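Notes follow the structure.
We call the chains A, B, C and D, going by the order they appear; numbering starts again at 1 in every chain.
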Amino acid sequence: MTFTHLPPDVAELCERTRRFIREVVIDAEPAPGERLDQVTRDRLQAAAKEAGVFAPHVPKEYGGQGVPIEHWSPILQEAGYSPIGPSALNCMAPDEGNMHMLNLIATEEQKHRYLVPLAAGDIRSCFGMTEPHPGAGSDPAALRTKAVRTSDGWIIDGHKRFTSGAVGAGFCIVMARTPAVDGSPEGATMFLVDMTNPGLKVGEAIHTIDRSIDGGHPHLSIKDCFVPDAAVLGEVGLGFRYAQVRLGPARLTHCMRWLGLARRALDIALDRAGRRELFGGPIDSLGLAQNLISDSVIDIETSDALISKTATLLHTDPKAGSAMSSIAKVHCSEAVFRVVDRAIQICGGDGVSDGLPLAQYLNEVRPFRIYDGPNETHKWAIARRASAGRSAAVRAGERYQGDAVVGRGGGA
Amino acid sequence: MTFTHLPPDVAELCERTRRFIREVVIDAEPAPGERLDQVTRDRLQAAAKEAGVFAPHVPKEYGGQGVPIEHWSPILQEAGYSPIGPSALNCMAPDEGNMHMLNLIATEEQKHRYLVPLAAGDIRSCFGMTEPHPGAGSDPAALRTKAVRTSDGWIIDGHKRFTSGAVGAGFCIVMARTPAVDGSPEGATMFLVDMTNPGLKVGEAIHTIDRSIDGGHPHLSIKDCFVPDAAVLGEVGLGFRYAQVRLGPARLTHCMRWLGLARRALDIALDRAGRRELFGGPIDSLGLAQNLISDSVIDIETSDALISKTATLLHTDPKAGSAMSSIAKVHCSEAVFRVVDRAIQICGGDGVSDGLPLAQYLNEVRPFRIYDGPNETHKWAIARRASAGRSAAVRAGERYQGDAVVGRGGGA
Amino acid sequence: MTFTHLPPDVAELCERTRRFIREVVIDAEPAPGERLDQVTRDRLQAAAKEAGVFAPHVPKEYGGQGVPIEHWSPILQEAGYSPIGPSALNCMAPDEGNMHMLNLIATEEQKHRYLVPLAAGDIRSCFGMTEPHPGAGSDPAALRTKAVRTSDGWIIDGHKRFTSGAVGAGFCIVMARTPAVDGSPEGATMFLVDMTNPGLKVGEAIHTIDRSIDGGHPHLSIKDCFVPDAAVLGEVGLGFRYAQVRLGPARLTHCMRWLGLARRALDIALDRAGRRELFGGPIDSLGLAQNLISDSVIDIETSDALISKTATLLHTDPKAGSAMSSIAKVHCSEAVFRVVDRAIQICGGDGVSDGLPLAQYLNEVRPFRIYDGPNETHKWAIARRASAGRSAAVRAGERYQGDAVVGRGGGA
Amino acid sequence: MTFTHLPPDVAELCERTRRFIREVVIDAEPAPGERLDQVTRDRLQAAAKEAGVFAPHVPKEYGGQGVPIEHWSPILQEAGYSPIGPSALNCMAPDEGNMHMLNLIATEEQKHRYLVPLAAGDIRSCFGMTEPHPGAGSDPAALRTKAVRTSDGWIIDGHKRFTSGAVGAGFCIVMARTPAVDGSPEGATMFLVDMTNPGLKVGEAIHTIDRSIDGGHPHLSIKDCFVPDAAVLGEVGLGFRYAQVRLGPARLTHCMRWLGLARRALDIALDRAGRRELFGGPIDSLGLAQNLISDSVIDIETSDALISKTATLLHTDPKAGSAMSSIAKVHCSEAVFRVVDRAIQICGGDGVSDGLPLAQYLNEVRPFRIYDGPNETHKWAIARRASAGRSAAVRAGERYQGDAVVGRGGGA
């Protein structure tokens, strides 16, 4: 990855980030299957601040590097070159997406209370959206958690799961269904809830195969959970709209980070393929390795290009950008998985052992084909949007082209 | 495809081109398997001039629209929405690539004699590079055609094949091996040869399955072919370098045009999928069609993004751009083929009949996986470049990552 | 392909067929895009009788070789090694399927009148099933053609299309909807109709890309078409059941024949890959060719194995065999297409030209992914059968395994 | 899977095995990531003996069920339906392959000492072949471990790794390079070495992602390891030949066992897809799930068919069978991986959690694409064999078909 096409200050930050990850972070990586511990995390974040690479996506006033979204990609890819890089730089999910949303819609007081310590890495956060079936899963509209109005606030009741980052978090942004009140529409509302709130309890853990999101993916039990009016994030009833605001970029930053890890996997494979030993054996099958390598290069470059295109679109046309982020999510998550899988193959037996980190990388990226909406759900939506768009165009006067020409071919 | 992210004048030209293709050109398309005839071609080109959409890539001084290369993609995609669109707009291969090169390296006199009528659509051209094995094929360095120095010019001898566009062309740019003379290095040289030159003879035709390049892909016999010094294009001995100048963009404009045809194929499929009939049968298998549709959308968007990225790179860093054009060529040619193939499938029996144009589209795009260098040759080069780049990085101090950690996994 | 595992007489017929195809038939192949003419067809059939390889699937009493269905595969693969081989051996669709069905359910008189000349190659036949939407397409149950009872026979009215083989055929087996009469159930009935019947008229041709089925795929207009009672094939009202009897084996013999052509394509590619020239260029990319070759070998061997398994099953358990033939159809049609496509790629520019027959082979096998039910329709049915089978097993006492273990993972 | 096509006694054993696995073994499965403990293993093996399903592949005289190799597949698939099934039935790698080889080439005394307790499940075994690079990896010929002759035996020195099953094994079959002695050829020899031999030491463990092979995959250090003449397995110098005898069937039994696990994964996915919840969300995307399901059914059926074909061939033509086992290994290992991966996808978030066993299944089957020779090495060999076979056929008189017809297409 070269940075020559970027504005000089962004290019410089990319370079700095690259060096920080490769010279500082990689040495601190835990063994495969292990998690980043808090002490190391704190040490790395301090070093990142020192190196001027901390929180690239965060406005400078909150201690970040103030990079605009259309330039996040090369930086987050450099961060993702290490599975713990995004944590070290405080740009990991779900915190990164929460910071982005808080910055856009929180009140000054909320920013002071939640965004400031979050941006500084002093606390972590989580996002309470997904629920057990038949609640909000890949279809947010099925939301079952409810908040009812009291005289001076709200009482929330519900059950969340896959609440990434919840263990050890400082607060949770809870999505709950709210009735039409005081002129606000019926719909969903986001609430900022401290994890110390007695109505909130981290429940049963869900042990998944990934290790890079601090705080796991546990259940969250919400019972008689009182929050004051000041806990409402944005406006009452607009929760689904905000969720979209959060989801588009959040999907895309996942793509950026994991694409960085795919580049790492390819580098490991290239280092291995440069030897006289391939697939754990002699070099005869070099051509087969070249096939795998070129397929991975193509996967990486198409992903990179699609991410750039989507990031620009999110900036200029958020609605189109959000639709494109769905396409990017499917393509990148599949591409990244294939790149890691091919790297394993090139490394032979070592590839499936703990001697190399590749098998763990596969565990990190496999869930991304499911998290943030399973790819099949996205594909269904992509097809529907394409069909609807084309129908609208035909209704607006475009020539309908689905009829076979009679007498020339198959038409009835 | 929306044009909102483009400069207003480019966006307007895109719109104009889109309307011209859909309202004028499509009605003139020949039946599947037939070619565009000269009379229709002339009529369409006149109309394109009238509509202000002629030769988008050509500088205004030569009668074109003067669009810079980084904005060619949306326009050439609109042109390619019809298989005869690029001919109608005079931006078809090989003429388009030849115009690009003439504009960059021809003398004023050469421009006047060759570029002016070519840009105006008054003549067509060809490019004499590929030779029968063991000559210049996907490896240009194997060039066998030779030119020897005479007192006032050169005598060329050789045999070309797959000389796209040769039948009916006004001139040919012939690549020939030249010795070191007058301070010029030994190497290859490009010569502008009139097709009326008695030393040049169009030979045996090669009947391929595509129909959209006017002038076929015949053999070319070059025997005792005298040309004066003024026929040398650029400098003696720099032919291979110029060929690279031509190839990078030429590969990419192929991607642009064929991507336009892929969009057409998807539109046909979407029109068909909007009915109650699918795969020539009932609608039950709609989900399977949605799978095909979303895969095609993803193929189209990744191709579009990669083309944009490459076009920008060709502008800012031609060497990196040329390497990236190799990646774009492989991805786009495979993606476009898949999109057309899926569209056929969605249309059932009609898809493989002449009642719809899809089967012919497959014949148009299948060769693109081979022309301009078979994808496998590109993949081999892509893998080699990736390996070489990584080796260089490791030699320059990057951490070698191919060793399994002893005691933790597989390493010896 | 070796024949050592076969009974000696079958192995010998395989060898004889192989020699006949390679020594006699290949020399008579028409140029790409052309059809086998009647004179050559007659000459080849006479030679095939002489060589003792004619009509391998037909009982000896009707002039065939009397091979049982479980051994058809190696023989039909040898026949299919040439696109005109099955015609030369009189085992091409749709005649081969019609012979199979006539042999199973026709009366002696019907056999004498239709099967005898058909088996001898004196006439050809067609099968009138597919109708324009919304009639019988991939769902036969949508049948719209109707027959009504008269005092001494039936009057049929309807419209068929994709009636493969109709031009020049001697008779058609027409599927028509019939009411409950004389104790027969309401349903579909098959009628043997002479093509000279004034109520039958070959209509508009459908020009498809394949050339190997003699007699095209035209529309068929059926109007006031009277046939006597003796024209009923099998029993009144059982037409759908018979169609299944015909379809299972017919699908599978398609697989056998096209698999033979895939072997031919691979041989062409192997011959080419054995040279110093690859992809129309130098040999450097050999490893990429090896990748294509091994993928093709795997496609061929899995197809061959699945065909054998299905043929055995059709013999021992026709219902299970018919379901398996659906799986075989999807896999083989996709596999065969890939094998031909890869062979084209290996042959470079020649692969997409008429200098080699490969591009035409692609046109022959592409429709097979659609004919006999588009693969997506089959896949839908395959998934439904798998789901239904598993549900039944669970209802019958098998352990339901879809619940996540609570407290260990994700389950609510 | 139905057993109706099998001989009655085999079908009955299949049924019995199926019931035993589903009613007894599944309940004893360890949690994902854990291993089968010795006590449970012993209990299950005792129960298997009781149920008459123990050691299906072992001759009855050694306590097995005496099933011939061509009928192993349905039984081993039933065993593999549980990841611990093969251990419970004592037909797991590497023991199963070792028993097979001992039965074929061991002396009566050796059988008594090693085969009898191994077949009874009283001890386990390992196979010392793979070495650290540049020793014997996917190319056995690079063998570096050496044995030298003494007056009354041999002294072996060397270093093995990936010695599956070594921890806790009773003996190891060690491959070592031996000189030409006493009329025996130079080559490799197999030695039966007790794990208690002071010259043998289990070394560094290699932590891989699979859990189902008891005894891990450690390094093995062999130093001054004396064994008497009676330790030679088979004849001196014929080790490579015996390794082939072992490898063909061993590869294939891997395919059988893992195919059973693929069936299990598909059942889990089908159970999940039968609900109103898909991909962790609503049912809208059912069509996408049907696509995954049908692809998995096709993968399973092609694998099953190819295994049967190969098993028959190993019986009738071992050399051809061994070549085919290479094809089967590549196809089945890729197919099984895809089936498990798709099942994960269908189950959404639960699929990547410990709540379902699927993520662990992926870890079990991923290495199979590498173990027993990486698929790319096999593919290279498959392509080479195909090319060599075709060249030989052409030399023997088959028509060379690689030339383009001049004047018709591309030929020079």
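The definition used in the following text is that a contact is a pair of C-beta atoms (placed from the backbone, for glycine too) under 8 Å apart; a residue touches a chain by one contact, two chains touch by 3 or more.
What you see is a predicted model, and the numbers here were worked out from it, not measured in a lab.
> Give me the set of chains touching chain B intersected with the set touching chain C.
For chain B paired with chain C, the chains in contact with each are A, D, in label order.
> If you check the contacts of chain A and chain C, which chains show up for both?
Chains touching both chain A and chain C: B, D.
> I want to compare two interfaces, A-D and B-D. Which one has more contacting C-beta pairs?
Counting C-beta pairs in contact for A-D and B-D gives the edge to A-D.
> Which chain's C-alpha centroid is most distant from that of chain C?
Farthest chain from chain C, going by C-alpha centroids: A.
> If you average the CA atoms of chain C and of chain D, how far apart do the two points sit, in angstrom?
That pair's centroid distance is 37 Å.
> Can you check how far apart chain A and chain D are, centre to centre, with Cα atoms defining each centre and the answer in Å?
The separation of the two C-alpha centroids amounts to 39 Å.
> So what's the Cα centroid distance for chain B and chain D, whole Å?
Result: the chain centres lie 49 Å from each other.
> So which stretches of chain D touch two or more other chains?
Within chain D, residues 133, 162, 206-208, 285, 287-291, 349, 353-355, 379-380, 406, 408-410 contact more than one other chain.
> Going by the contact rule set out above, which residues of chain C touch chain D in the complex?
Within the complex, chain C contacts chain D at residues 2, 4-5, 22, 26, 31-32, 264, 266-268, 270-275, 287, 289-291, 293-295, 297-298, 301-302, 304-306, 308-309, 312-313, 316-317, 320, 324, 327, 330-331, 347, 349-350, 353-356, 378-380, 382-384, 386-387, 390-391, 394, 398-402, 404-406, 408-411.
> Under the touch definition given earlier, write down the residues of chain D that touch chain A in their complex.
Against chain A, chain D makes touches at 130, 133-134, 137-139, 142, 162, 206-210, 217, 276-282, 284-285, 287-289, 292, 344-345, 348-349, 351-355, 359, 362-363, 366-367, 369-371, 373-377, 379-380.
> If you look only at chain B, which of its residues touch chain D in the complex?
Where chain B meets chain D, its residues are 132-133, 159, 161-162, 204, 206-208, 219, 285-291, 406-410, 412.
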